[in-house]
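Two complexes come next, and they have one chain in common, chain A, joined by chain B in the first and chain C in the second.
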Partner chain A sequence: MVVISLELLTKAVISGMVLGGVYSLLAIGLTLITGVMRVMNFAHGDLMMIAMYVTFWLFALFNINPFFSMTLVIPFLFLIGMFIQKFLISPVRTPENQVLITFGLAILLENLALFLWSPDYRSIITPYTTITIHFSHLDVGLIRFLTLIVALVTSFSLHVFVTRTEMGKCIWALAQDPEAAMLVGIDIHKLRLITFGLANALVALAGIFLAQIYYIFPSLGLRFTIIAFIVVILGGFGSVGGALLGSFIIGLTEALGGVFVGIGYKDVMVFIIFILILLFKPSGLFGKIRV
Partner chain B sequence: MKSTLTKKTLIPIIIAVIIIVAVGSYLAVTPRGPPPVKEIKIGAVLSVTGKGAYAAKTLLEGAQMAIDEINAAGGIKSLGGAKLRLIIADSKSDPKTAGIVTEELITREKVAIIWGEYITGPTLVMQDVCEKYGVPNLAIAGSPIITERNLTWSFRTHPHLVYWHEAAFDLFKKLGIKTVAIVTDDSAYGQANRKVYKMMCEKCGIKIVLDETYESGAVDLSPLIRKIEAAHPDALLSAPYLSDAILLIRQMHELNVNIPLIIGMATGFCDCTFWNKTGGLGEYVMGAFAYDDSIPTPENQKFVEAFKKRYGHVPDMHNEWGYTDMYVIKDVLERAGSIKPDAILKALKETDMRAPIGRIKFGPDGQNHEIKGVVCQWLNGSFEVIWPEEIATAKPVYPMPTWKERGA
Partner chain C sequence: MKIIKEYITGGLKPKSINLYLFAAFITILSLIPVWTSDPTILNVFIYTFLFAFYAASWSILGKYAGQISIGHSVYFGLGAYTTVLLYVHYNVSPWLGMFVGGLLAAMVAMLLGLPCFRLRGLFYIFATLAFAEVVRIIFLHPLRDLSGGAEGIPFTIGYTSPYYFQFVEKWPYYYIALTMMILLIAGLQKMEKSRLGYYLKAICEDEDAAEAIGINVLKYKLIAAGISGFLTAIAGTFYVQFLCYIGVNDVFGIMRSIEPVIISWVGGSGVFGPILGSFIITPITEFLVLTLGMTTAYGLHMILYGAILIIIVLFMPEGVIKPLSQKFYIPLLKKLSEEYRRV
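Let's look at the complex of A and B:
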């Protein structure tokens, strides 16, 4: 029998925090798109899959370390994001059709990856992917720990960007009321391009880290899109802080539930918490916009 | 009434005369008896696409190599040197489609024998259709149920799941394993293995300290790994697909969790890319399955050499399976001397031949009971046979050194 001990509890909490870090990196990009642009982007996870494959091929073919290839992958995904906004999202006016467009894009990307790179599982192995950090008797993988740090730093910087800078304030204005933003002279088309690009750059960052701790295959997108949506709805659309908190709630529920109730029930518990929060706070934890 | 031969009545008469003359002369010229068989069609029902499409390619590599060899050596001699031809039908990993394509192979292509399906669900339907039409078939799927259904026309050349487990538990007995954690995924394959693990533990008096089912494709297995650690088993019994196998081992290393023995049934741990994809962390992990290229039979050595020459790498279990099954079909047709279902069935029942994997001889249930499972262990990046002892190429390393001892 599994004995519940303080040690096991601490280990589970650490696992949950680290998993939360991975999820939050994925979710903050989506919260920008859904909150600011009111677009339900169902291709979010698939765009991350593309970022993971680009990272993988740069590593496998040219031996470029993921931490260096970051400087290529992030701008590349930024451009793809701008392209999607300009040629796919923007010409389509109604939200329903935008959902269909992103859903179609998700299917296209998945099958393109299947066709180009086969359904094989790939993984990136670098000398440091197997390094483990020991804090007394607690162990955390180096990359997972770094992911947590990067997620916290990124969320904080994004928060500062939105609340303190001129452009950030414009983005926030766009989120609150697009028409009013246009009236005070904000170029909302340009701003939407940049927001979608930025959200894609963030998902690229998530992909670069995930590529080193997970494995890469064409149909991984949907799973992560769903996780990101749960987190974003939980935290409230457009709220960076909410996305961060939502990620840790989901991460901790999975880890603690997995250890103390049964790993097969972890999704059940995640969704119970999800439904409870929506029942009592329909706009999400920090959300100002109702779902 | 005037009776004249108009054009309208003349044309059918002329056609009728031509047909009568043609058929008559054909019957007069050709000798009596059925026309000779030039080509024998073998219907292959395989999941070429769909979510289970991982082994069709390797099975076909082996099968095609055998067919090319057989045809180059003069085909089936008792049938006047008839050549073998494989007709491939895609079941799309779906039972319903498997039924439809099997029926098409039988009614439209008129195949002499059906070979195939390595996924349990589609296999069962394929067998049912063959049973309905009375067509002999060789099945591939590894679940025990395939040959436990009292079917007349179905046979399987390779040992199934239970044989792999038996080999593994023989090894456990020798190593003195007392407690185990059973950790399987939520797929049909995972659950089939879980059932057999539990049955074998009960039979061998081994205590199960943890029995967990996890979701295949999970992002994080650390809660599971923490539970395994807390249960302190002597061995971790599993059957992960390659994706979960990679994540499991990588995370066990990250979390510094040491279990003396880790074993899986075919799939992930036995995949030839497993060791590389874990960056060597897969060292000392064990896997039980039906075949390994190091089996020291003369038939196998010959096969491995020829296979390496043709494809540039050593054959895996599915490569060998495809190859062996085609030679069994050749042997059966040679002895049957006919492509009539009854003659083939009789010859199948009398089969007793040597293949790379060992002796092929079917029991009354259609299962080949002559071959036992093989247990291998990753040692220095190569998958070495450690059990049964007669064919072992290395000694088992137990307990596995801890991550600290390995300096990894």
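Let's look at the complex of A and C:
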């Protein structure tokens, strides 16, 4: 039996919060896609993996700091997102086929990375990787702290974007009822492109931060896709706040489960939560849209 | 010529021609081990039959009932592991273990169906994927001592023993796999024309309408899941008995879940869709593995799988079988009949 000290507990809580921050960036992107397109993007995690590799190679080959390469990686993924929507999702009619196509994309990306860059684990080590911030007797890594802050700020500004700006309101209208949105003159094709791009930009942001606090390897995508889905279902489709709350619930479950029950069981615990949601509240905590 | 004559005069339906063709096809296939004993060629055929069987079992749930599951590796692996563990620890014959594993897999499929079948389309797909991933992780870490973890358990006995489902030569496996495939084809033909088949078709077309005309949708989905899980477990057992090795990532890996989906999607619907799909996809995979070696080929053939899935869904969402029969098979029949008229 592991003796659980207060220090271990706070450390677990902090790492849970940081994980939750990364998950929230992924999940908000996914909740937008699922809400607006009624499509589940199975390549979500793999796109993040690609963003992480792009960040890594920009750093390893050209020595471009991840915080600067952000300006390249985010637009790059934005374009990839628009490309996927235009050429892969929108020509396909039924939702099942749309899901299968994203699934095909996920397999393709993961194994392309495996083929090109080998299954080796890589990591980005910058001069500030080891810097920590002291909160009384706690040490928190600078980048981890930044990840959390950026995630919170991004979610908040996205919430503002969706509820306050005109384009955001159009996206929200599209999510609620595509036909009605079309009737009042919203250009739904353009909006879908932008939504997919935006979701991918969030994925890129998550990838850039995760690349600095985690390992980079080809097969990481699937796990993050699954987690992001669980978060989205937990929070309710199309709900930014729900996705944020769900991310922290899942992140903390994972971190605390890893400490209290055992590392091998942390994914099992997340899955138990998932089954419980499916059984008792399939619409999620803040679900407003029926898919 | 007699067949075609009967076809034109209406005495023989195209269905009967199909039957004759199928019989000819089976005869040719069953003669292959007589003609060659080259293990490479037999290997390709054994895998083709096996994955045809696997994809056809998947299609009971995925195509007939319209519940696309990306988690059939659970049943595949459960069947395989039950058989192997019963054999390794209790010396139970795999022929018996196969059915124990099958029943276990059917039970798990139905239990998983209870919460999941209330979900529609996308949710269901995702739930099966997540479940399969978690089962893999459970077998990989917490059940490591039992399952052998990523290294797996080799369990070859080294001599031919029909009782223990182990053969030194390839041909017994060949005929077992061929028989399995033919039996499943026959069974599916029967199922298509049965009450269950029509109900599943109705559920696949429109669930609400099916419910409205009094079909117990959940019950029939569960039955489909049970049958599908049972047959998948049998495919899993054959697979590990053929390899004489079982590993967690091999039988529970996401690859195992994708295979039947891709094969069925490439082939198309109906009884022969998955069979045709396997005859297209499996030789390609085996060829890649043979020419490029296992490690390089693994990444490359998965890339190919992904690309094929995307292309098929984009350009041929109905699978190969529909355009193939419309463009070649039916015109062929017509041409034959015209030629007969001219004579």
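In this section, the second predicted complex is superposed on the first by the 280 of 291 C-alpha atoms of A that agree within 3 Å, B and C clash if a C-alpha of one lies under 4 Å from a C-alpha of the other, contacts with A are read in each partner's own complex, and residues count from 1 in each chain.
One rule holds for everything that comes next: contacts are C-beta pairs under 8 Å (C-beta built on N, C-alpha and C of every residue); 3 or more make two chains touch, one makes a residue touch a chain.
Everything numeric in this text was worked out from a predicted model, so none of it was measured.
**Student:** Does the superposition put A:Thr132 against chain B (first), chain C (second), both, or neither?
**Tutor:** First partner only.
**Student:** If you stack the two complexes on chain A, which partner ends up touching A:Met17: first (chain B), second (chain C), both, or neither?
**Tutor:** neither
**Student:** Is A:Glu96 touching the first partner chain B, the second partner chain C, both, or neither of them?
**Tutor:** A:Glu96 sits against chain C, while chain B stays out of touch.
**Student:** Counting only touches as set out at the top, which of chain B and chain C does A:Val36 meet: first, second, both, neither?
**Tutor:** neither
**Student:** Between chain B (first) and chain C (second), which, if any, makes contact with A:Leu279: first, second, both or neither?
**Tutor:** After superposing on A, A:Leu279 lies in contact with chain C but is clear of chain B.
**Student:** On the A-aligned overlay, A:Glu254 touches which partner chain: chain B = first, chain C = second, or both, or neither?
**Tutor:** Touch status of A:Glu254: first partner only.
**Student:** Looking at A:Ile208 after the superposition, I want to know if it touches chain B, chain C, both of them or none. Which is it: first, second, both, neither?
**Tutor:** neither
**Student:** Examine A:Phe229 and indicate which partner it touches, taking first as chain B and second as chain C; both and neither are also allowed.
**Tutor:** A:Phe229 sits against chain C, while chain B stays out of touch.
**Student:** Quick one: classify A:Leu191 as touching chain B (first), chain C (second), both or neither.
**Tutor:** Neither partner.
**Student:** Do chain B and chain C touch any of the same residues on chain A, and if so, which?
**Tutor:** 223, 262-264, 267
**Student:** With touch defined as at the start, can you tell me which chain B residues reach chain A in the complex?
**Tutor:** Where chain B meets chain A, its residues are 53, 186, 209-210, 212-215, 217, 219-220, 222-224, 226-227, 230-231, 242-243, 246-247, 250-251, 253-256, 277-279, 281, 403, 408.
**Student:** What residues of chain A sit close enough to touch chain B in their complex?
**Tutor:** Result: residues 1-3, 5, 8, 11-12, 15, 18-19, 22, 119, 121-123, 125, 129-130, 132, 134, 139-141, 144, 213-215, 217, 220, 223-224, 227, 254-259, 262-264, 266-267 of chain A touch chain B.
**Student:** Okay, in this complex, where on chain A does chain C touch?
**Tutor:** The touching residues are 34, 38-40, 42, 88, 91-97, 99-101, 103-112, 114-115, 222-223, 226, 229-230, 233, 262-265, 267-268, 271, 274-275, 278-279, 282, 291.
**Student:** Where on chain C does chain A make contact in their complex?
**Tutor:** So the residues of chain C touching chain A come out as 66, 68, 70, 115-116, 118-123, 125-127, 129-131, 133-134, 137-138, 141-142, 254, 258, 261, 265, 296, 299-300, 302-303, 305-310, 313-314, 317.
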